[in-house]
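Below, chain A partners chain B and then partners chain C, in two separate complexes.
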Partner chain A sequence: MPQSADKVLDHAPLFQQPEYKEMLAQKKINFECGHPDEMVKEIGDWTKSWEYREKNLAREALTVNPAKACQPLGAVFASQGYEATMPFVHGSQGCVAYYRSHLSRHFKEPSSCVSSSMTEDAAVFGGLINMVDGLANTKALYDPKMIAVSTTCMAEVIGDDLNSFIQQAKQKGSVAEDFDVPHAHTPAFVGSHVDGYDNMQKGILSHFWDKAERVEGEGLNIIPGFDGFAVGNNREIKRMLDEMGVDFTFLSDVSDVYDTPSDGEFRMYSGGTKLEEAKAALNAKATISLQEWCTPKTMEYIAGKGQETAALHYPMGIQATDEFLMKVSALTGKAIPGSLKLERGRLVDALADSQAHLHGKTYAIYGDPDFVYAMARFVMEMGGEPVHCLATNGGKKWAKQMEELLASSPFGKQGQVWAGKDLWHMRSLLDTEPVDMLIGNSYGKYLERDTGTPLIRLMFPIFDRHHYHRFPTMGYQGALNVLVKLLDTVFDKLDDDTIIPGETDYSYDLTR
Partner chain B sequence: MAKDHASGPDDYESLIEEVLEAYPEKARKKRAKHLQVSQTTDEAPDATTGIASKCDTTKSNIKSIPGVMTIRGCAYAGSKGVVWGPVKDMVHISHGPVGCGQYSWSQRRNYYIGKTGIDSFVTMQFTTDFQEKDIVFGGDKKLAKTIDEINELFPLSNGVTIQSECPIGLIGDDIEAVAKQKKKESGKTMVPVRCEGFRGVSQSLGHHIANDAVRDWVFEQEESEAVKAYEPGPYDVNVIGDYNIGGDAWASRILLEEMGLNVVGNWSGDATLAEIERAPKAKLNLIHCYRSMNYICRYMEEKYGIGWMEYNFFGPTQIAASLRAIAKNFDETIQENAEKVIAKYQPLVDEVIAKFRPRLEGKSVMLYVGGLRPRHVVTAYDDLGMVIAGTGYEFGHNDDYKRTGHYVKDGTLIYDDVTGYELEKFIEKIRPDLVGSGIKEKYPVQKMGIPFRQMHSWDYSGPYHGYDGFAIFARDMDLAINNPVWGMYDAPWETPAIAAE
Partner chain C sequence: MADALKDKIADVFDEPACGHNVNKTEQQRKKGCAKPLTPGAAAGGCAFDGAKIVLQPIVDVAHLVHAPLACEGNGWDNRGAASSGSERYRTGFTTDMTELDIVMGYGEKKLFRAIREVIEAEDPPAVFVYSTCVPALIGDDIDAVCKAASDTFGTPCIPVNAPGYVGSKNLGNKLAGEAMLDHVIGTVEPAFTTPYDINIVGDYNLSGELWQVKPLLDRLGIRILGSLSADARYKQVAMMHRAKVTMMVCSKALINVARKLDERYGIPFFEGSFYGISDTSQSLRQMCLILVEQGAEPELLDRCEALIAEEEAQIWAQLEPFRPRVAGRKVLLYTGGHKSWSVVAALQELGMEVIGTSVRKATEEDKGRVVDIMGDDKHMFDNMAPKDMYHLLKDAGADVLMSGGRSQFVALKAKMPWVDVNQEKHEPYAGYMGMVDLLRAIDRAVNNPMWEELRAPAPWEEPLTEGRVLPAHSGACPVTGISAGMGRPVSLVPPLPPAEVIASAAPEVSGFTSSDTDFEDC
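And then the complex of A and B:
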């Protein structure tokens, strides 16, 4: 008997015990009617070939293992970044269960969101009653200061009109006339979570700004974009802005929402952009988006209000952080202080110390468009060579930006850009044109298993490692964290490759 | 931090009243029907548990109220996520926009043995990734092409299921026609499933629709080679409704095989299509998750004359009772074997209980799970001396609440389709020593200083079924409750001085 109370075996070792191995072998032989082992091997080898790659890349209809989610996830995330705001997704209820689970699994934190729970009758008659009752119930139970409404694809397909529904709900007294209920249509069959983020941000800002008169001030707005590292990154960006003495407002800040303390109290709401600040943000001098591809409509809207705007690509790495600080400085007139220059110098020092281990290393990078851009750029700053740059939710314009970036450095020479491709494409790419390291999210672990490429998790979602999101990846401090992750991967691999006593351990060096 | 609850049933009734006060009137009336305290009953106590109470006065399986933060999912989750998803040698297409497949990708921990992407496909996300043009012009052509591409790139897949997401039923696509055509062309099994998320009120209808799809698109098709080649034996059984979460079905199968039974099919954890197809040749269906798969058992009984029985492999009391009950359907050899199996594992049971029961005795538990575990795991807690303060189902039906009366004593708080608000208030007031529920509930509860275990995914642990699983279950409950972190919630400079013991 394999199990014991003394030393309880978990699933991994338990099913490696001879009793179980024999049982599973017999199951396979007697009951599964599977394909012969040789055939499985043959097909397995074929999937690693150039021939398979060509067929795989020629896919027109099927998507396998995509690296993107749907619009409402981004809308919920954007909404949660405002003070005491309850995201309310109009449509089928299962979707909301999925968004909440997805966000909780990444942040290891509560994720609050409600649904209007539309079912078959609402599919026929529309979801007005669901909106009317839903808003009233949400307000009564969860006492939010704002309810931010987005939509599932069901509500979009049947064509529910959010603006009209919300007005009618207010007339029926679900919530007071002056209660803030911004909305955004977020069809899951258009774009991805980054577009949902954009639509919701625009929805919230236009709710506050459309009827207001702008009086230009000195402030600066920051829109962080959809970011799995928001807890660490938002705080790091704020710290840098404080160092500079900038008067700023974060528009949607989940850093406290997704990082509440354990002290006996569950805080459904915590921190976030104050609604008054969101209103006043109209008067800012300028708005910087940290992620261009998360904010095209929002930034267009803001520019239309008369603000100066700038959209960056995830300020991670040296040049991207330099640009961020210089942009802030240019827009606010505040100088970049010596303290930040010192941080920069320390980062460069760290890069110089470690450059020999990263120079010439090759990478495959996938994730959201802005992240891939920033990561490829940072990799090149370290003397690394991005080989495959993939964004399932990246389009032609993104691809062009990427190509320009890669062309700007000798280290980008062998870089290929894969817009709209998925992680099953990536598998073929890694099999046929292997790289030293893969940078992505937790889903990349299957690529690590299948292709032997070490995975570095720097992109949402990260389910199988804990607390990464608490540490920044943006700014000079963030770059340092990223650097250490890359180096650890290199050194762990070196040690793994040299650990056999008497065979490879002559290179099992104490000092590296 | 967690304190033992000292509340009796009267308190629970006033607690329900208090919690309901927050609702607008229309919602309050509706929610009141889902919350109750289990009552005494004249019915005879259950033979195994010695318990009889009345839990089925709760309303269940009806629509959730908008805006209340129901914890429920949808029909797609019930079909793709639960019933079909674990079938390992078929490709399951999340048909529609990208999200549903993405959020459910690899999240149920349905363990399987196979070469993923070559002959097995469970932990992959296949989707038609609907775009606006597919909504406007229909998605049937894209679906057909998707299946062609699957057959080309994944030649060892033994079939395809089409898991409909919300838009499919709304735009009038004819996925059945596509399935028939593709079956004709490829010769492979094609299963269209109408599990659009807006159908029904929870995951539950998705289970039912998925069961019906097994009937219509597997059973009622031409007999496959796998079926023709199979010679049934007298000890053939199917395990139905074990999804092999963390290896549950393996820790169960080993016991059934040790008894001398042949597990022809395990539905649907680690299953192949052949295991589904051959099921009608077995002598008996053993059903674990009654809620999600009773439909097909009833059908097999009616159509093929196969009996079915419920069993419970959580905790040694129920395992032993179940092994004996299963054996009763067979000859004396099997019955003797059952006793041998029980005797073989008794030392392990004794050791586990000796080690963990003293650490868990008297601890109170609140559960909120899906359609089976809110009652099924109760006796496993009993075996460890733990007490159930409250329990409820996301998507149970009346027959589940009826069965619950055999597991929980009168005076237990019962909540159906509980809302985030209610659950938080109940937990806050009762302050149990442990809460067992899902990922969405885990972190709010832990913030409150109350130990928590996910009881859908086994919190990434498991198996919890069988004797080997019971050891893990006991260890996990111990590590959840007796971790030192719960004592660190209060900053010492703010805590009144505690007298030295």
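And then the complex of A and C:
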């Protein structure tokens, strides 16, 4: 027997033992009745051809491996960024389990979120009872300061009206009249998690602001947008604003929610935007969204309240960070301090030290619209060439923005924009027009394996690498982290290509 | 210092083939050419480093450094000399002398044991034993140990006497060459010889540069019999005395070896370079010419010309797409030796303007070639102090600096693109095809978008076009007397620093005085 009690093999090496190999080979011959290996290979090779690519790109109905999540995920993420807030998803509980596992696997932290656990009778008779019971139970079990309600498809298909349900629930004494229960309709069959984020933010702000009177002050609001690197990024943005001496409020800040210390105490809630601050944010002079495509409705609502607004595209890289700082400076009248200029200079120095290794490298980038925009922009700043820019949740307007960006630099010449395409499209693109590096999330590892393109994980979700989210990607410090990730990939590849002793190691060098 | 070593140093300094030396008076010649180091000033590597540089590319030899840990600990496998076979040269062997070894004089015994162990473990064709400062100071006799070890184990053990304190890296190069002449060259006879056997001396196959040239030699039927030490095997060094011609690639480093090969074995040598198209062609021509003089068939010359014509046509076609991206760019070269002229010629071929080249470590012949190529000596300079180089670059006299690694930071501080053309570079620039790599490197250095960000001030420091009304004063200003409640337009950002004067014409590089210190020591 290949397995013995003295030395128990894990499954991966176990299945490599001759007995198992033999058994699996026999199973394949006798029971699987599969196609011959040559044919499998032939078809496999064919899927790498231009012919297959055209068929693939002509797909109309089927989506394969989409690079997006659904609205409620974004809504839950946005809600969690407020003080002691329990996200409550009106609908079926299975969906909610997905959001929680998605967020937990990425941040390696517990992710609190409840549902109204609708079942068949609720679907037939409406979900009011589930809402009434659900709010009461949530308050009793988890003692939140606010319950932020969003919806799954189920509730949306049957047309439950959140506003009236919540009012009725309060009348029935489910929670107190003055208890904060903001809401947003977030059907998964419309848009993606970035829209869910937008809807929930707007829901929470309008809950606090609709009946309040605005008295213009000097403050600045920051809406970070849906961001897998929020722990590192929010702290980095706050640090830069503190350096500038700006009076600011983050609207939804998960940096402490998704980074609680292990000191023997479980924190159901940690950090987040104080509800009082969220209310007072109405009086701010201006609001900056760090991700335009995560906040169109929210920003429109805020502008309607009389604030100045500005929407950026994920301030990553030199130009994008410059833009962010200058926008803050222009809105608040605070000068950009010398300390930040020093950081900028150090980043430029690092780019200069390494430029030879990044110049002319080609990239495929996928992810959320703002990230893809920022990444392509930063890549071009370093002399790299974005070839495929893909966002499953990117629309026509985004595509136009991307094309303008690519046209602005000679390094964007061969850039192609793929709005609404999925990762199976990306596979064909990488096979037919290969690139040096692929930038995306953990799901890209299958593309890495199929096409041999090294993957750099810079986008939510990252399940198979730990703690990336603790380090910023925004700001000058963040750009430095991103730079190092790109360079590590370049150097790892160089080493891999020269690693076989006596065969390829002509340049397995100590110094690179 | 041991007398034998003293004599050896005096001998390599009195080098009749060295242009510098020949031009000296008798008295100057006696003093030797050791430039006194300036205490307190940054300096390059030592003689041991120089010896190691020359010999380490001999790939199958066990290089055993008799020293406290640091000499080999900091130095092993630190250059990109490539091997097509054994990787033994990349392993660091050292005796790791400790306090007791030094105080009690155990060094020689330890060395002997170390030689035994390395032979038992590796069975190398030879062991090179390097002396360093500490064993040399306490008087360890590595020659005697090597002799005893050779006799005992039957493996040649070669003493390399170049302890760090005897002088510069360049002196170490020469001493390493002497060790080869004394102990290795002429000890093995080749199985057969041909009239097409050559030596290549002073190339180290960095980044595999030799392999960009070797196919050309293969096509001409020329065999690299001896190599010191590009991709070399021990035997190749031992058989050098049977070649028909020696090509000297780095003129300063191993001129003593080339001359002595000529004196002792009648092998003529010439100086050549594989940097740049015309230089590659010229080197091939000269090599073939001498081979024919030495007895090769004269038709070799015709084949050589045909090869040159074909290769040149091919490479120009490949280079043409780059020309518009680099033509007209102004280059400052800070290399030295034969690269002073060979790279100049190459860049001029590509339409670039060379505004200056350093002739440090260059021979009179090298300097003569610079004048030939550039028309006059106005563009030549010797050592340039970092501060002068900074100012030259800062004044926008050049678009790109090509130099060794140590000037990189001067260039960056002056916000100047930089291309590495010295030993630590990672790309091969030799031969015809090497020009494509060099061009690509220049292209990406001068055209990378990050230079814009490097040169431009932070964007918030650009002048603000419109003023902005700041909040009103809360009380009367004690200085201006502006009363409370009055707003006024205020510029948000500090004004730009006074505009830097951009020099339109390239400054005269010969105006700089030569610095005593050679901060970019190759």
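Simple rule for what comes next: the second predicted complex is superposed on the first by the 504 of 512 C-alpha atoms of A that agree within 3 Å, B and C clash if a C-alpha of one lies under 4 Å from a C-alpha of the other, contacts with A are read in each partner's own complex, and residues count from 1 in each chain.
By our rule, a residue touches a chain if its C-beta (ideal position, glycine included) is under 8 Å from a C-beta of that chain, and two chains touch if they have at least 3 such contacts.
Being a predicted model, the structure only gives us computed values, none of them experimental.
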item: Combined model on chain A: chain C and chain B, fit or clash; value: fit
item: Touching partner for A:411 - first (chain B), second (chain C), both, neither; value: second
item: Partner chain(s) touched by A:330 [first = chain B, second = chain C, both, neither]; value: second
item: Degrees between the directions from chain A toward chain B and toward chain C, using C-alpha centres, nearest 10; value: 110
item: Residues of chain A touched, compared between chain B and chain C (which is higher); value: B
item: Contacts of A:360 with chain B and chain C, given as first, second, both or neither; value: second
item: Which superposed partner A:501 touches (first chain B, second chain C, both, neither); value: second
item: First, second, both or neither for A:491, with chain B first and chain C second; value: neither
item: First (chain B), second (chain C), both or neither touched by A:510; value: second
item: Which of chain B and chain C A:65 touches, first, second, both or neither; value: first
item: Smallest separation in angstrom, by C-alpha atoms, between chain B and chain C in the superposition; value: 35
item: Overlap of chain C and chain B interfaces on chain A (superposed complexes); value: none
item: Contact set on chain C toward chain A in their complex; value: 77-78, 80, 82-85, 87, 207-208, 408, 412, 420, 424, 426, 441, 444-445, 447-451, 453-454, 458-460, 468, 470-471, 492-494
item: Chain A residues within the chain C interface of the complex; value: 218, 318-319, 322, 325-326, 329-330, 333, 335-336, 341, 344, 348-349, 351-353, 355-356, 359-360, 380-383, 409, 411, 501-502, 505-507, 509-512
item: Chain A - residues contacting chain B, complex; value: 1-6, 8-11, 14-15, 19-20, 23-24, 27-28, 30-35, 39-40, 43-44, 47, 52, 55-56, 59-66, 68-70, 72-73, 88, 91-95, 97-102, 104-105, 108-120, 122-123, 129-131, 133-138, 140-142, 152-154, 157-158, 187-190, 192, 260-268, 424, 427, 443, 446, 450
